[in-house]
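One chain, subunit A, links the two complexes that follow: it is found with subunit B in the first and with subunit C in the second.
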Partner chain A sequence: MEKMNDKLQNTAKELLENKEVNLIIGFTKGSNPLRMRSVFITDPNDVSKLSFNAHCVQDLAVFLKKPEVKKFGKIGLVVKGCDEKAVNTLIQEYQLSRDNIKIIGVECRGAVKQNLADKGEDSVKQSTVYDKCLVCEVHTPLLYDYLVESDEPAFEINGDIKPYAKIEELDAMSVEDRNMFWQKEFEKCIKCYACRQACPLCYCTRCIVEKNTPQWIETNIEETGNAQWNMIRAYHLSGRCIGCGECERACPVNIPLMLVNEKMARDVFEKFGYKSGVDINAKPVFGTFDANDFNEFIK
Partner chain B sequence: MENNIVEDVQNARGDKEYSAGGAKDKDKEPRIIAFVCNWCTYNGADLAGTSRMKYAENVRVIKLPCTGRIDPLFVVEAFKKGAKGVLVSGCHPGDCHYTSGNYHSRRKYTAFRDLLSYLGVDINRVEFSWISASEGNKWVSVINEFTNKIKLLPDNSDIFSKK
Partner chain C sequence: MARIGVFVCWCGSNIAGTVDVKRVAEEAAKIPGVVEAVDYKYMCSDPGQNTLRKMIKDKNLTGVVLAACSPHMHENTFRKAAVKEGLNPYFIEIANIREQVSWVHEDKEKATEKAIDLLKMMVEKVKKNKAIEDVRVPLTKKALVIGGGISGIQAALDIANGGVEVILVEKEPSIGGKMIQLDETFPTLDCSSCIMTPKMVEVYQHPNIKLYTYSELEEVSGYIGNFNVKIKKKARSIVEKDCTGCGDCWNICPMHKNVKSEFNVNLSERTAIYVPFPQAVPLIPVIDRSVCLHYKKGGKCQKCYDACGPKCINFDLQDEIIEEKVGAIVAATGYDLMENSLYGEYGYGQFKDVISGLQFERLLSASGPTEGVVKRPSDGKTPETIVFIQCVGSRDPEKGVPYCSKVCCMYTAKHAKLFAHKVHGSQSYVFYIDIRATSKGYEEFVRGTMENEGAIYLRGRVSKIYEDNGKLIVKGADTLSGNQVEIAADMVVLATGVIPKKGSDKMAQMLGISYDKYGFYTESHPKLRPAESSTAGIYLAGMAQGPRDIPESVVSGSAAASKILGLFSKSEYEVEGTIASVNKTTCVGCFYCRRVCAYSAISKEEIKDRNGNVLKVVANVNSGLCAGCGACVNACFSKSIDLKGYLDEQIFAEIKSLAV
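The block that comes next holds the complex of A and B.
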């Protein structure tokens, strides 16, 4: 980790000193050593705060949507491979200019689940990392300006743990059973919208839940509005969600949102051969069409 | 005409007139909401009407500019207000008045249907069709077939209906 941190800090220092960026967003040690938090650096003398390890769970790309961050203009972002796909999607959707971002990609070996880390877990293995890490194809970010290589070995995957196993289980259920499953989950929702706030791609200045003429989604906590909110959030992220898992991690009542996100990602790939956040030059899947698209369900 | 539609929509919304799934409404006819585009399907339905063709009276038509304007939220809203079936219908591929609204819509509904089904809504309750202004008889058959299908479905509740 020392070598990694040195390279990270040197890269950041250079970028700030040469005025190539005005702000670096990265990770720093929290008061709890097994929790890393975000840090915003504008002074080259502060780069020693930067650090990276398996507890850097947050997708820092989320800050790119904030006006108070945008005003810095050119920004350097420390980012893991999975999270970097959010940067790509933001570029694809014209929310971010490639010229305004320096991507400091870190090679990531997996992130330890925060609930386990809070109990003291510090080792990276298939039983301690997030499901997304088990299916990760981007340990090295797809796009970067600087790459900070990892000095840790890759963890072993032996197939004992099936990531997102519940999806197949749900697919095999009857509609009534699926309905019951989700009804139970969505009942818990307290409409705090933390899932939205934590998502790097939920950047609408006025979210559908804030539109009140008409009021599409009821603001109080009742089951129909809860279901509607969760449905529409998932729908708005279909074909865009890059699977960082931040929404699920932010949810205070532990609704398994990734089961919906991942399902839709698979669906969009199956139907349109599209994976989100892979290519900054690709058209977003719902921003385009093909005359020969899937037509089977239409009379 | 317009007033009737408004009234019908209000009735479809009001739980007193009809609500999907409620045991007390067992013998009530299921309500179907059809969201149609202004340029093709609406005229197709109009043709069926002016030609005095009969079709199931369960359907209530709501006209919108284009299938591209028919946000999936409308479908959910219809379910929430008690509709048992929802039809989305517009111009044939290549015929959209706005060139490509229906192509975009098809993509979005492909994903949306799968999402609905995954969340436990019987996907038989949503129908999609291309009906042109000259296809009055297609309108009649689509509505009749869909209504028959809807009538055969059990009255299960979905996550969007109030209990």
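The block that comes next holds the complex of A and C.
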């Protein structure tokens, strides 16, 4: 870990000193030893605060949409492979200029589930990491300007792994039962919009839920409005969501949002062969039309 | 406060037969905001329109709803009537109770209910309507014609004769297209080059036509009235203004046996520096750099340069990009023929004497490789028996061309006739599926070939051709007699199917016009707007739209020209105001709208502060290009785009009117 942190800090220091960036966003130790939090560094002398370990859960790309961050212009971002896909998508969707970002990619071996870490779990194992880590294809980020290699070994995977196993279970349900499942989940929603705020790709300055002439989504907390909000959120992220899982982590009432996101991602891949966040020059799946597109639903 | 007038049209018995129009009017009168509701036998008639105008004036209406036929029919009629009374035309709404109600339902009770619902929706919509101004677009009065075949030439000449400047772009070194390759033309048997060359020369000499041959369209941007085009003028390696077309260069070129002549469809050779045919326009040679020894052997050969009197050969000339601004475009990119090699069973490529119809044209032509004497390619003997096979590829879904190529029946009859004229005592056999000879003089022409020239027509297909003792044995079916036939022929001519010009799909994408699954450009309306493409300002002509013969190609060229002259007769072009508009305050510039726009109507606009710093980049709708399709509205996550005349608010109001 020490070697990693050294390289991280040296890279950041150099970038700040050479004025290649005006701000570094990275991780630092939180109040609890098994919690890491975000840190914003503008002074090269502060880079010693930067640190990385298996508790760096947050997708720091979320800050790139904030106007108070944007005003720094050139930014250096410490980012794991999964979250780096959000940077790619932001570039792809014209929200970020490639010239304005220095990607300090860190090789990640998996992130420990925060609820387990809070109970003292500190080891990276099949049983302790997030579902997304079990199928991770981007331990090394796809795009980076600097790479900080990991000095930890990869965790072992034994047996048949089924991340998001609930999806298959839901697929097997009747429409009514599935609807019932989601009705129950959405019933809990308190419309705090934490899912939206935590999402690096929900960058609209005026969200559709805030549009009132006409009002598309009922804003009060009741069955219709809750379902509308959660479904529209999922639709707006289908073909875009990079699966960082921040929405689900942010949800105070534990709605399993990643099940919807992952289901949509699987469908998009199956029907259109598209994976989000992979290529900054790719045409987003919902921004293209191809004569060979799946269109059996048009009768 | 809304003051809405409702008019329920009977359309004679068209509507009133199935819908209780009195009741619809009574119910309409009860809707809040409706000041008066009447029914009338024919709203589109003069007295009907006068009732409308009178009520607008007397009741000071803020909106009008007509329950009548489809807005496609009379929306414009009623809008014009409204304008005469000073009401913005977009305050007219139509509930379609004919096509969507009376014509498709039988139960009068239920049909009346539905008519009332549709009417209610439109009343609620019209309450939310806003005045919309039509968009006026300036016009650059210059036209671009792509393709110098007969239809492109006709279009260019007609436009130019109308006093408008034309740029004609042709990919090949000479204009003339496919028609100049033909010998005589059906059904009048006038010589193709005799009627074509005067037109080609006229194009070349016309003061209003700028001709770019050996040039290709590189890029198109802009919109009706304001297209910016980039034309790539490929390097001919000749300084054109100095060339006299004397021929000293191509006569001395050592590469005279190696390159197949495109013009003679591979039946003869050409040199590396060449003009495609003696009457080429312009009569300026071009060096085919892919075969020229000068380029292949590092500059050693320069015989043409040495022979050239005015020294107009310049081996170092480069491609040039020419930019032009035009107001309208004609796409007349023409056609190709299917590859005969698709037909293994007919032995094309394997047997030298199995040739295509276009090759036969060259054999008939006085300017062809045999100077008009019919000789077969294998040994130069004059054939005595020729088998013509029609529908080679055409009407064959298996080969991807289910359509009829239209010209083959006629040119095959012509081939048989000309063969009989040229080789006395010869015999033609024609295998056909059906004979399609539907224009003026066509049926008589085919009859003549059968009855006067003795061509034997066999209804059926050929299954196999093989060579035996210097003859081509053609095995086929005569389905009318039910017999298998076997003909020993000296030559076989295949009437291969017509397909769009290679690259026509790319051209369509560059122009932003739609094309069908085969690659033929599609008309804006197959019957009522056959000269217009799906994109305003771009017109279509010739075979690029689908198989057609010379007269039809000429007509289509003239049609495109007349549309352009009509367009240019006005000072500005008026576009319907029902286009998309962006809320630039809430737009975050993700440009999904731009990605889905089929009309390239969305551009990026920088929002700056007073010091000129870019605050953000947002979408901007180009009103000249926007067709009002609404794709961008769907694509926008934050609902920052709305379609004028179909605002979300209006649609919501319509839907809510149905909620009980």
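The rule is short, and it goes like this: the second predicted complex is superposed on the first by the 296 of 299 C-alpha atoms of A that agree within 3 Å, B and C clash if a C-alpha of one lies under 4 Å from a C-alpha of the other, contacts with A are read in each partner's own complex, and residues count from 1 in each chain.
The rule is short, and it goes like this: contacts are C-beta pairs under 8 Å (C-beta built on N, C-alpha and C of every residue); 3 or more make two chains touch, one makes a residue touch a chain.
None of these values were measured; they are calculated from a predicted model.
Is A:182 touching the first partner subunit B, the second partner subunit C, both, or neither of them?
After superposing on A, A:182 lies in contact with subunit B but is clear of subunit C.
Applying the document's definition of touching, compare subunit B and subunit C: which contacts more of subunit A?
In the superposed model, B touches more residues of subunit A.
Of the two partner chains, subunit B (first) and subunit C (second), which one does A:216 touch, if any: first, second, both, or neither?
A:216 sits against subunit B and subunit C alike.
Looking at the overlay, what does A:263 touch: subunit B (first), subunit C (second), both, or neither?
The answer is first: A:263 touches subunit B but not subunit C.
Which holds for A:94: it touches subunit B only (first), subunit C only (second), both, or neither?
After superposing on A, A:94 lies in contact with subunit C but is clear of subunit B.
With both complexes overlaid on chain A, does A:204 touch subunit B (first), subunit C (second), both or neither?
A:204 sits against subunit C, while subunit B stays out of touch.
Is A:289 contacted by the first partner subunit B, the second partner subunit C, both or neither?
In the superposed model, A:289 contacts both subunit B and subunit C.
Report for A:298: first if it touches subunit B alone, second if subunit C alone, otherwise both or neither.
first
Would you check which partner chain A:271 touches, where first means subunit B only, second means subunit C only, and both and neither mean what they say?
So A:271 only meets subunit B here.
A:229 in the overlay: touching subunit B, subunit C, both, or neither? Say first, second, both or neither.
Once the two structures are laid over each other on A, A:229 reaches no partner at all.
Take the contacts of subunit A with subunit B and those with subunit C, and give the residues found in both.
In subunit A, residues 208, 216, 286, 289 are touched by subunit B and also by subunit C.
Which of the residues in subunit A end up touching subunit B in this complex?
170-171, 175-183, 186, 208, 216, 222-224, 227-228, 231-232, 234-235, 238-239, 260, 263-264, 267-268, 271-272, 285-286, 289-291, 293-295, 297-299
In their shared complex, at which residues does subunit B touch subunit A?
The contact residues of subunit B facing subunit A are 72-73, 76-77, 80, 93-94, 100, 103-104, 106-123, 127-130, 142, 156-163.
What residues of subunit C sit close enough to touch subunit A in their complex?
Result: residues 585-586, 588-592, 595-596, 617, 635, 637-640, 648-649, 652-653 of subunit C touch subunit A.
Going by the contact rule set out above, which residues of subunit A touch subunit C in the complex?
Answer in residue numbers: 93-95, 203-208, 211, 213-214, 216, 236, 283-284, 286-289.
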